[in-house]
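The first chain written gets the first letter, and so on, giving A, B, C, D, E, F and G; residue counts start at 1 in each chain.
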């Protein structure tokens, strides 16, 4: 293995670690919210990070077939976000109220 | 043994699925259905033994792969199972929604139309 | 053995059923006169069986049969010896007159055709019962008699009493039938015999078998219920709800004797044991007394007769169980006598009811002038029933006292029982035969006059037969009594008793009986009142008990079912998963299939992160305090699963999982816009603890199962094959896809069928909606055009 | 030589893209409200993954794969802004407020206008 | 063909079956392929619902005829197998025509035909447009596939096919009670099939193969190290749930009374029997020894099921719900034979399955016609039907007797066999339970007869002799005929059941049939 | 005419994606493209292509530069220990009026870090934009007007 | 949904997704993909189209009822399996036409089977998605 290959291999590993961290951080936002759109954005971003992750695995394994997985994921991930946006438009105002209440309650708890 | 790790994970999936399915609320039961499907799929995947990162695809220039690939058969089985459980899930979800719509509840405790609480005593005469 | 008349007997077995099938149509055309036509059928049967009398009397047995269910060693075979032939003759002979009588009795009834049909079916069943040889054929006909009698008792179905009696008879005799089936199968097991004739050839095999006790109890269960032995006697009087021809036929002459027939039939192989000779006389004796006493209380002619029938059946069982030669002879003689006189008396009671409009003995009197023929027949029958000469009943009674005597304390007890019972029957017999006819004329609901020949022909002929049989008793014995008794005893017997009484103990006992009977007859009114008072004091009987048990069963069933099938999804799920957890864990622990401690895995950092992501996603789903958060979190675990698939060399799976997970979330989001959203899933602590326990046990079970499975060395033969030939024969480099569309394409075909069906079902769910929120009472008919979009 | 250069370029792109993703994920955790988080998610995230896809294109042996990777990048560029727009619009219309330290809200006028019009949603 | 399919010069006989397939062997495929194709075509013809009934009835009729031909061939010439896609077993999916599967498939086709006929008047155009006939055909596909496949995962797939089509049938109409019933039915059945799937995954992990014959061959070698008892238990629970064995039966009484009755007839006739069939296959072919270990448990379950079922039937007021519980009781009786495991007992179970398919379907159809004649399902209100509809009454009586195991109904013979087997096997208590459940069934259904038919209506009014629709009555008569036939002359079916039992007890011959070379792996 | 062009482009894209530029594959790609166009036949207005290629490329270059520049800015903002942002929503009056142009402008604005198109007004005259740094909206409006909007108008008119 | 941006871009996205889905379908035999995934992608395309431009125009674009498409797919798959009856080989045996140079995939019964899968998934999922979207639009 020459230098450039070694470099690439290390870069791949670093990339996977960084993306993994990115996963975790994004997941954290999905879980803590606090509002519905926050979670949706985070989920959307999770998909985007997953696209990168898959592409990276594709590079790492030299199985370029992963690229199609990545593309498709990008496409359907978009669909999920669209559906959620639709949901927020239809039902979002209800949520705003609920979340406000909860935030108020939490604020008074502190 | 990577299988050990996945076995533990499958156990967790299964337990979470069961816990969700034991809920009274239809939406949570639906979530349980999804997790249950994943538990089943992962358990087949694990039972078929694991191989890292080598997909069962023959490179274009070979007739038979040179290196050991992941076991393709469980993958095919899981694929079938995913599709089936997705179909069932979609059905169940819409069913839950329709039930909610017509029964005015998403609480299974209150879904008592088919087997009503006040079930009359059958006639005792002849 | 004789196999003559083979095909004729075969035809005879079916003829009544054919007639039953034709009866409704014929009746519609000919009205009640069809009785003359239909009676030809039993008459032909009688002639056929009569033609065999000579053969059988000479000690031969007529058998025959056809293959029926060879896989189960069941033949369609028959067996005519003295016992079955006599029964067959009684059934077809009395049956002939019953058919005629029915025509007169139910003249103009709108369902007369149906009635003929039922009674002919019953006749066929009863005939089949007594001449069946193979066990199962015997059982089938046995059950058919119960079922047809159910229909006949319930004939007047608009009355609740009828329905109750029919159900009662069905349940009680049905219960016995099942015991009988079990008993026959036990005997099959014990002796290897599958037919009665085969069984009779086994001599002591059954008696010496360890299964004898079981077989005995089961057979008795069958016989006692059918023959209305105490404590199963109650159904028989209730069965008097049936039209009188039915009572006369089924509940006196034929069906109720099936139990006695069974005991007699099995006597050669089951009798002569201590239990047999204790239990049968005991129950028979009790039944005799109970029947007698209960008969006294009645004022309804049919009920009086019904209870004496119970008593008579008790007497027959008692005698059969007694086991001595004389006892068997007595049983045989009494059985013949009883069939003749009881049939006649029932028909008489029916004629009185029919003509006078009441059967209440206290409201009847002085009919002798209006109905002389009936009176004559009744008188003769009563004399036979009372055991007076010159009738066949007298012979029977003499033989009874011969058999019992006072030989031992044991027999002394039964002699007393017999005397008391016979005296009671004497009294009742005369009460039925004399009271309505003698004394001053009493005003009855209908103006009574003699009925048509269709009605009185039966009683007259049966009464005549009682006289004739007694008068030519040596011939009667030679042709009927001796072959029958020999069959019951399993060895040649001789019967010599005749109308010329020999001075001795039996005669004295007869005189005592008559005296006692006469005393009871004279004071019947008082006795009736007293017995009624006693019964009122007891206030409970098996008849009421039957109702209580039945209601108890229904109430108990309602309660128990409500407890288990309680309509609560939660109960269902918790129990189900509890069992699933046990299904994993018990074999692992109990069958020694526990895995060894597994090797710990070595994972890369990003693999750990992906696994952690899955767990975090699951945790988020669990802890989400609103459902939408849970759904979004669901996406995380789904992605994590997809990444796991990708990391372990399954791009197709990862691909599909991503798509499916996303679409699941999409559909969830689409559906969620229609749900009212409320916070949920706060389970009470106890419930939560239970749920957590069940869930954890399930999880641990599956985990251990996977540990166990993955520690076994794996045989990759299939995948090696698939890989080997994927490209060179199946033209595909993606082995997973080649498996999906080629190697295991049938799976995929099923899978897309599922997808299409799901699509269709969802479409139906979304589209087909009740236009208004009303509960439709009529689910069969749907309003057209409910669909909103074409 | 070219091979080695490509490897190094690919490696740098990978680390850069991944780092950008990480920054984006930090961003969605640090920004104060849903709208500002969208800036991180829909741009930095897209760019991060996009760069890795381009790295794959560079790394790929055959033109077809490279083309597909670039196509994937284009797909991302096409969809990400639309998704962000939809979410932002939906959130705003649903009433999710801007961060209270936001300096301006010129869109509030539009919402008032809409509230006055009778039909809120629905295409027909 | 050969050259086209083999451009690489590989010896094809190593991987594929080289013999040509006789046209007659295709009889094995038709029960699955034809209804599936017909279902697809009907879905394409969505907008022409009037064409659905004739097409579906014709196709089901063809399948029935083809099944009968297959049955007679198998009975005369012995079983045969076909491996799909030509791949050598155990690599491809093998379909096996043995007497057990074909007998049940034939009966199922008959039931489906009767229900299709019945549905032609009782299901309206909306019901047809939203898939009544496609669902019936798919149900048939799934059931037929389950009976004929020799592959355990493929069995799972067919289970899912009939499960999802049963969902479709269950919700057709979307009444409130249907939605409630369907929800419970769907979730609990999903749990059952998922357990089936998990068990199959584990099974594959142990054996590395899915072909049942292959598994049977390998089981002996792995008996010491593999958790076969656990696998057998998992299958027992999964299929016990599908069969509605106590206490895994909850879904059945919760749902069977809610859909259209013709759907109830299909369900009562077909679905639970597939569970019994699967139990027979797994416990006797795959895990004979472990099945023996479990027989005690199965026997207890059998008794509880048969008694609980009939007790439940006694507790109901709604005649539809009574039938649901009667179905359960019958399951208990079949499980008794499963526990007994001798030839008589197994033959009894198989024969009872045939009987139960016909009788349960007929009972639901009867209920439908009773409803049409009497206007209600409630035992509290029904009455007077004996007078107004004598033919219906006669059929009802025959069915009551059949269900209770009394002559001249078809239930007598299997019950006799099971009691005999129980007595042979020193399981007197099991015999007692079977007989007791028979007695209680007589009581439960006898009451229905007495109350609904004999008793006059509570208001005293005579029930009008409403003419029942012709095709409905025709369908009922059509299904009653084989019931009576089995009751009077059981020999042909009984001999087949006996042959099926014999083959169940001889798993080696099954393996030899599917894998003549003794297994490819 | 434009339709045909788009179709040819789609066929070429197909060839690229499948990695095979044989005639047969291109023909197949052409057929597929025609099918896809058929599906969206309602939405296809007129789009000029080749003539504007140069200006399109110019637009793309501008976009890429902007993308990298502002990405860097946002990255710095995110990573700066004390996050100092002044977010806000401002209105941008549109000069472009075709749906496609408005969409393109909005998307480009969104893709450039720091700004995010939230909505287009009903009358399509205004674009509502969220900016991370909204301290000087006029400057932002000016940048857009002279940057993306002008290039788009050059490229597509 | 009422948004100009989505409505403008959705048709192009949908068309791209359709093409991509066919690509995924056809290469499935050699690389990841196949009828199922292709079908899902195609269904996603119609779902987005439906959300953006309204269900009615999505239905018009499809011409046939989605369930009819699903039915035709299933029929195609079964017929692809039944075709082997003509060649004396068992059900579902792959029948391969000679390869055509320049085309990445081979014409075969297996291909038709996979196209059937694609159509079933496309039809069924689209039907569900559109039906659900339609309810919301009301």
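Operating definition for what follows: a contact is a pair of C-beta atoms (placed from the backbone, for glycine too) under 8 Å apart; a residue touches a chain by one contact, two chains touch by 3 or more.
None of the values given here were measured: they were computed from a predicted structure.
Chains that touch both chain F and chain G are the following: D. Counting steps between touching chains, the shortest path from chain C to chain E takes 1.
Here D-G and D-F were compared by C-beta pairs in contact; the pair with more is D-F.
Put simply, the chain farthest from chain D by mean CA position is C.
The greatest centre-to-centre gap from chain A, using C-alpha centroids, is found for C. Taking the mean of each chain's C-alpha atoms as its centre, the chain lying closest to the overall protein C-alpha centroid is E. Between the Cα centres of chain B and chain C there is a gap of 46 Å.
Chain centres here are Cα means. That of chain A falls 11 Å from that of chain D. In whole angstrom, the spacing between the mean C-alpha positions of chain A and chain G is 28. Per-chain CA centroids place chain C at a distance of 77 Å from chain D. Residues of chain F found to touch two or more other chains are 13, 17-18, 20, 106-107, 117, 119. Residues of chain A in contact with two or more other chains: 16, 19, 21, 23, 40, 42, 57, 63, 65-66, 68-69, 71-72, 75-79, 82-86, 89-90, 95.
Those residues of chain D in touch with two or more other chains are numbered 24, 26, 38, 40, 42, 46, 62, 65, 68, 71, 75, 78-80, 82, 85-86, 89, 121.
Contacts between chains, counted with the stated touch criterion, involve the pairs A-B, A-C, A-D, A-G, B-C, B-E, B-G, C-E, C-G, D-F, D-G, E-G, F-G. Residue ranges on chain A touching chain C, taken from their complex, read 16-17, 19-21, 23-24, 27, 30-31, 33, 36, 39-40, 42-43, 46-47, 50, 53-54, 57, 63, 65-66, 68-69, 72-73, 76-77, 79-80, 83-84, 86-87, 90-91, 94-95, 98.
Of all residues in chain E, only 1, 4-5, 7, 17, 20-21, 23, 25-26, 29, 33, 36-37, 39-47, 82-86, 92, 95, 134 touch chain G in the complex they form. Those residues of chain C that touch chain B in the shared complex are 160, 163-164, 167, 550-551, 554-555, 558, 562, 565-570, 573-574, 577, 598-601, 603, 611, 614-615, 618, 621-622, 627, 630-631, 634, 637-638, 641, 644-645, 647-653, 656-657, 660, 663-664, 667-668, 671-672, 674-676, 680-681, 683, 691-692, 694-696, 698-700, 702-703, 706-707, 709-710, 714, 716, 718-719, 722-724, 726-728, 733-736, 739-740, 743-744, 747-748, 751, 754-755, 757-759, 761-762, 765-766, 769-770, 773.
Every residue of chain G that touches chain B in the complex is listed here, in rising order: 30-32, 36, 121, 124, 128, 132.
By the touch criterion stated above, chain G contacts chain E in their complex at residues 65, 67-68, 70-75, 78-79, 81-82, 85, 87-99.
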